[in-house]
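Naming follows writing order (A, B, C and D), and every chain is counted from residue 1.
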Amino acid sequence: MPEVAIGLWCIAGFLGTGVLAVVLGGRAIATPLVYGTTLVIALAALLLALDVLLGGRPATATVLPIGLPGLGAHFRLDSLSAFFMLVVNFGAAASSLYAIGYGRHEHAPMRVLPFFGPFLAGMNLVLLAADGFSFLLSWEFMSLASWTLVVSHHQVAANIRAGFTYLAMASFGTLCLLLALGLLAAAGGEFTFERMRTATVSESVAATATLLALIGAGSKAGLVPLHVWLPLAHPAAPSHVSALLSGVMTKVGIYGFIRIVFDVVGDFSPWAGLVVVVAGGATAALGVLYAVMQRDLKRLLAYSTVENIGIVFIGLGLALAFRANGQGPAAALALTAALFHVFNHSVFKSLLFFGAGAVLSATGERDMEKLGGLVHRMPQTAVVFLIGCMSIAALPPLNGFVSEWMTFQAILLSPQLPQWGLKFAVPAVGAMLALAAALAGACFVKAFGVVFLSRPRSSAAATAVEVDGFSLTAMLLLAWVCVLAGTLPGFVIDALSPVARELTWSALPAQAGLPWLSIVPIAESRSSYNGLVIFFFLVVSGVMTAVVVHRLASRSTRTSPIWDCGYPLDSPVTQYTSSSFAMPIRRVFGTVLFAVHETVDMPRPGEMRAARFRMRVRDPAWRFLYGPLVRWIMRSAQRLNRLQFLTIRRYLALVFAALIVLMLVVAIWR
Amino acid sequence: MSPLWFDIAHLFAAGVLVLSLMLLYQDRITAVINVFALQAVVLSLSVGWQSIVQGAPHLLATAFIALIAKGIIIPTALHRIVRKLDVHREVERVVSGGLTMLAGLALVALSILLVQPVVETADPVAREDFAFALAVVLLGLLLMITRRNAVTQVVGFMSLENGLILAATGARGMPLVVEVSVAFSVLIAFIVFGVFVFRIRERFDTVDVNVLERFRGERREHL
Amino acid sequence: MQELVAALPLSPVTLVLLFPAIAIPVLVAISNYRLSAGLNVLFSGLTLLAGVLLLAAPRIRGDFLIIDDFNIFLIVLTAFVGFTTSVYSASYIGHELETGKLTPTFLRFYHAMYQAMMGAMNLALVSNNIGLMWVGLEVATLATVMMVGIYRTPEAIEAAWKYFILGSVGIGLAFFGTILIYMVSSSVIGSGVPAMAWDEIVAHAGQLDPKLLSLAFVFLLVGYGTKVGLAPFHAWLPDAHAEGPTPISAVLSGLLLNVALYALLRFKMVLAGNPFAIDAGAILMTLGLVSLLFAAFMLYRRRDIKRLFAYSSIEHMGIATFAFGIGGPLANFAGLLHMTMHSLVKSAIFFAVGHVAQAKGTQRLADISGLSTTHPALAVGFALGVIAIVGLPPFGVFMSEFLLVSTAFSRQPILTVLLVLGLLLALGALLLRLQDVMFGVPRGKSEPVKASFVPLFVHLLIALVAGLWLPEALVRWFRGVAALLG
Amino acid sequence: MALTVELALQLLQIGMVVAIAPLIMGITRKVRARLLRRRGPPLVQPYLDLWKLMHKEVVVAPNASWVYRRAPYVVFAATWVAAGLVPTYATGLLFSWSADLIAVIALLGTARFALALAGMDVGTAFGGLGSSREMMIASLAEPAMLLISFAVALIAGTTQLSAIAALFSTGDVGVRVSLGLALLALIVVGIAENARIPIDNPATHLELTMVHEAMILEYSGRHLAMIEAAAQLKLVLYFSLVACLFAPFGMAVGGDQSALALGIGIVTFLGKLAVFAVLLPIAETTVAKMRVFRYPAFVGSAFAAAALAVFLRFVSRGF
């Protein structure tokens, strides 16, 4: 059986779990059974993907007699699909494992279980689809299935709104992709990617299709300003689904972009790269700025996803620019960096959402202002969450740093580009990336510091208990992957080389055989990095110092009340909160950009009421784009609505007017 | 076909058109009904003439129906309605009379403009008749939309239908004409019946069963 | 199959017209509502059977009747939806009787009118004679007028009245167009019945006078366009859908609009045969787009659940009209598929909406919420219907919209962008309402629904299968018709 | 054999930076005191302080977690590793390729991350204040630092510190506006990162102005010693970074491992550090501490200078 057929069977299996869930109904066994099944299937698909990617197997394709009439449904499993299948199914497996435990907290499992498997199926299907129709069908099916999960907690009005925004934006994206594919199909004469790939398209068609694909796929991935659904929808879903939405589904969006632009459109001008790079840079910077200002933990994570998507798009845009100029190795570096970051983000963002879910199920709170001190109540969760935070903040020696480092290396190759615009724009985007990296540090210091450290800010946080074994295992697994991918990045890069070769006709030099397992993307004289050595040094120097100090100097410790410069206050409200932590950054960056509005209502001395602090942060995308748009639609609808209340005579007048106009057209015609 | 025959056919058709314009001009309901009755009579003459010209005796039935139903029965019924329902005798115009007439003339011009340049192969009788019929149809519609009064609107619709019959009978050998004219008469009867039953006293706009003003599609108060 | 058809004493075409004709007097005569509902189902079923037999029957091309690829599928579709709706109606009407909204006397009338409408639509579909086609459509319209007003509430009467007046004007204008066509064709073909035969007219389209032909098309467009519900001739449609009994809304949306569009397309084919006539495609595209955009905006302010979906019908007729306007094999294919899918899905939605309105005792959207909590099965059906109608996969509407947008974009980029905007706007509006109805805390009264969901789910299932896989025969068929449409 | 030598040379560098760090701090304090007309502590006072702190008992708050206890070691280790990987007296040491300029910056980020978390652990108002301000400053300083590395790397064509030093020491690159701006930016960032005046005052505990000290307010004993040592190391790191990038003369380049070259390298390195250690307090005493919300302007100027350096890299070669 060809690999692609195995993949399709896995998808059928995922769909089957949906049926299984319906059959089982609301029984208690349903949760472990369904998630257990998805876990097994996801592992199978994961193995398949690994086999294809690492085994260097050639692409396999198949045609099913369904789909568009006369065309059939084409499916193909090549290394690009395999890599993304790996990402998707790794996330899916972790999520399933986590959910075996976490799913027990679900009040209405029938609103989640039947849709979980189909959602996974949809994502996998997108990766395998090899013609326009199957691709978009799976794409939109994936949106639909995830929409049901977003609105699963439907009693909360905000979730409903999130669901609407989500599905509307998703459909917008799908329609953009549809237009892009329509253009390409018109050039190729058929809807299969195979034909579109070989067809030659004019410059303008290629540019339009690329732009449309950027908008379409970008809206799924969360590119600014198409990201608005993401911070609403991702937190609304149950946490294991949030992890999939944020960590995995956005990656499917990126896959869509790569597949259409790199693979199907094929040749393009370097300016396409410029647009993508700039969009990526803006996304990275704005996403993280927004993340810093959030007080809802899951929203913070969702905005951080926006940032990371920006980083990936910077890499992709660079790859486009380099490829358009025939600079294969540089393109391969940029693409590998982007894909590596895709993998990394899927791992640590899933981990962080699992952590947020653990916190949520333990305390019932997502609002960071009401959390704190969980490191004592949930020690294991705290450790893995910390690893996730450090990874996403791009700190060496963990994995997030490696991919960002590679992106920086790709940016530093920009002098090679012949276009002056790119020569200048790319370093500017590099500055944005640097800003994003630094702010991500601040953001996750805040996240971990406020949620897990300090003293509990509510009784719920004070009485939290550690989560179950399944959830912990899933998180631990992901944390290990973060460490491994950070210290042994060469293996990941080598695994990505078939993808890079397929899309940029060039690949990075093999890394696994290099001395000390370091990575050298271009040449050693240019740049190199060795996560393993850094890790080793850090551990050795830290442990050695500690041992020396404890042996040779003092090791005694005494517990005593907090000193706090001599003014210890018992109440936990005296601590810095999430909002106060972000205040300096808000002042510096937010006042103009986000129209931050703060009001403090301070009681006069002697008054007994509490002081109130109110803050409003507005997303510029809502302020300048969606807000006016929605208002315009509503106003137009209201204006047109008068036509519902006309008298019969006026309706007749409308008919009459139309008739006269048409007759005049006839009179004028020729 | 001799020119005289042609001229007579032309005369009748033009008569129907002139009466249509006169309908636009009237501002008393009884006058409107009377002019309409006259138009129906002229129409039946025209149809009868066509029946002779075309040698199609079945058209006489159409002429007869037009005469009886629209020339006599319906005008009588409408007069009754006006009396019974105590409708205002004045016609409520939406647009002023002069303007309506101008629009009517423009419509006549448009109809002739559209039909004139037709290739000469077309039967000239049919062509001329047809331009008039088109104008009558359009004037009928114009009457419907420029008058608020229900009865006037019914008359407008019937005048439109007169145009249809004029066109149908003008088309040589058209099948189904008689059946259609019967069908239209039934339709008009329904409308008249509706006006009577639902007591649409003043305006087509409102089915005046006291409360109906509030509903027009969706309830306005929830707007 | 063919032998079977040959062995029949009457040809299936006759049967398709005969069964409803027999049913009318029978149903008028029967006062027991259970029996008459059952007979209604029976006759609809027989018509469906005859329609299916028609598939195997030889094609016909007479002066009065025509059976070609184009109408045969519409006949089957009409008979099928007519049959399922009659099944639905049987369970629906019982509830209306219990709540006293209808009296048994009116029911007799209702069932007879139902059959009259079905028969008239079949007549319009099978007739080759353009006059007969006109008669069929008008009888169907008048029959539905009666049924729209059947509740005799002030709103229903007003809706029926509006429908009646606008419909009558439409009837007049369409007739005028028909006369014009006859005039034009008779000067070429010679007077008499053949000059009204559609196939003759098409055959001679090139020799017809282009100016008059164009004028005729304009009148037919306004006349039949009123019945298609194209903006700005749509005014009757929302109210008629909202105030009439739900089974009638279902057939109005699902069938009558289709039949009217079918009639328009027949005339478009005539115009397509004449290079000097106006570009019917451009006009259809414009009107389709106007309808789509207009309806999409109107969807946002709807308060009544049935009126909401009535506007959605305007929207979808706009899409189909646009598709046929653009023309070409793919777009025509998309248009045909869209018509089919719309009639299946929209009638399914009305089935669901009828139950929802019965369960909640209101059609006001503001009073309906939390349906997924109180009536899970109904909610699933309703949600699937809406998901299907807004063009989300894996339902058939997605496929037709996919084909349409993707082919249209390279040919009419600007118009297609407008089309896409319209689709998106409509999707947004329907989605908002869907969520409001489905989710949240249930409000108001909520009664159990004792009705069969079979018709609802059968329709959805067909739409689902069609979205993933179209049978080879159907595809070949659609392709043939698409080529026919030019 | 060769490996042993190379390992020894690398370890020498790693050991050297940690050994001289308190001394350098001592020099700056001494000079500063003299400039303020104080006699100042002896040069070895930082060593004595560390010794004293290490032998003291540690006092921790009851709700301090393991993060609080481990953070000082992490901070120290990360800073040490970073400092040990910046070329000081020679280029091309054994592990010089394991971290380039960007990685060194990121390692400092790791240290800062740990320290900021530690500041928030006990849950005091001051700790949070310090962490919050520190991260705000870092969010400006770190991009500036990365842009500096861009400017340098775009000219040198590499981010390897060894390779840059080797290239710049040849003088082939010439004087460039770009490099001048980068140096300026690096100095500003160094001041901000090392909590020197005008950003922060290492000698103050005035609650409204402190940043770094606020984070470590609760620390005592060996923990505090570790943090102090890390701060000293960081200063050395920045000094050696300036030396390596902008004054690479005297370094043993090109794998020249003769005793003479290495000796010259060590001596010039120490000399450079001493000069910087004198210059820093001179600069510090001439300015006043800023208000907290003036920092963005100050650090932002570094960002701007670095960005300008990047954009101007194409101009002014060798004039």
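Note that in this section a residue touches a chain if its C-beta (ideal position, glycine included) is under 8 Å from a C-beta of that chain, and two chains touch if they have at least 3 such contacts.
Please read all numbers here as calculations on a predicted model, not as lab measurements.
Just count the C-beta contacts per chain pair and the biggest one is A-D. Relative to chain D, the chain whose mean Cα position lies farthest away is B. Averaged C-alpha coordinates give centres for chain A and chain C that are 44 Å from one another. Taking each chain's centre as the mean of its C-alpha atoms, chain B lies 97 Å from chain D. Between chain A and chain D, the centres computed from C-alpha atoms are 35 Å apart. Remark: chain C and chain D have CA centroids separated by 77 Å (rounded to whole angstrom). Residues of chain C in contact with two or more other chains: 161, 165, 169, 173, 211, 215, 238. Counting only residues that touch two or more partner chains, chain A has 641, 644, 646, 648, 652, 655, 659, 663, 666.
For chain D, the set of residues touching two or more other chains is empty. Checking each pair of chains for touch leaves A-B, A-C, A-D, B-C. By the touch criterion given at the top, residues 129, 131-132, 135, 138, 142, 154-155, 157-159, 161, 164-165, 168-169, 171-173, 175-176, 179-180, 182-184, 186-187, 191-193, 195-196, 209, 211-212, 215, 238-239, 242, 302-304, 307, 364, 366 of chain C touch chain B in their complex. Residues of chain B touching chain A in their complex: 94, 107, 110, 113-114, 138, 141-142, 144-145, 147-148, 153, 203-206, 216-218, 220, 223. Those residues of chain B that touch chain C in the complex are listed here as 114-115, 117-119, 121-123, 126, 130, 133-134, 137, 141, 144, 157, 160-161, 163-164, 167-168, 170-176, 179-180, 183-184, 187, 190-191, 194, 198, 204, 207, 209, 211-212, 215-219, 222. Those residues of chain C that touch chain A in the shared complex are 161-162, 165-166, 169-170, 173, 210-211, 214-215, 218-219, 221-222, 226, 232-233, 235-236, 238, 276, 278, 283, 294, 297-301, 372, 387, 390-394, 398-399, 402-403, 405-411, 416-417, 420, 423-425, 427-428, 431-432, 435-436, 438-441, 467-470, 472, 475, 478. The residues of chain D lying in touch with chain A in their complex are 54-63, 65-67, 73-74, 76-78, 80-81, 84, 95, 97-100, 102-103, 106-107, 109-110, 112-113, 116-117, 119-129, 131-133, 135-136, 138-143, 145-147, 150, 153-154, 157-160, 163, 205, 207, 217-218, 221-222, 225-226, 292-293, 296, 303, 307, 310-311, 314.
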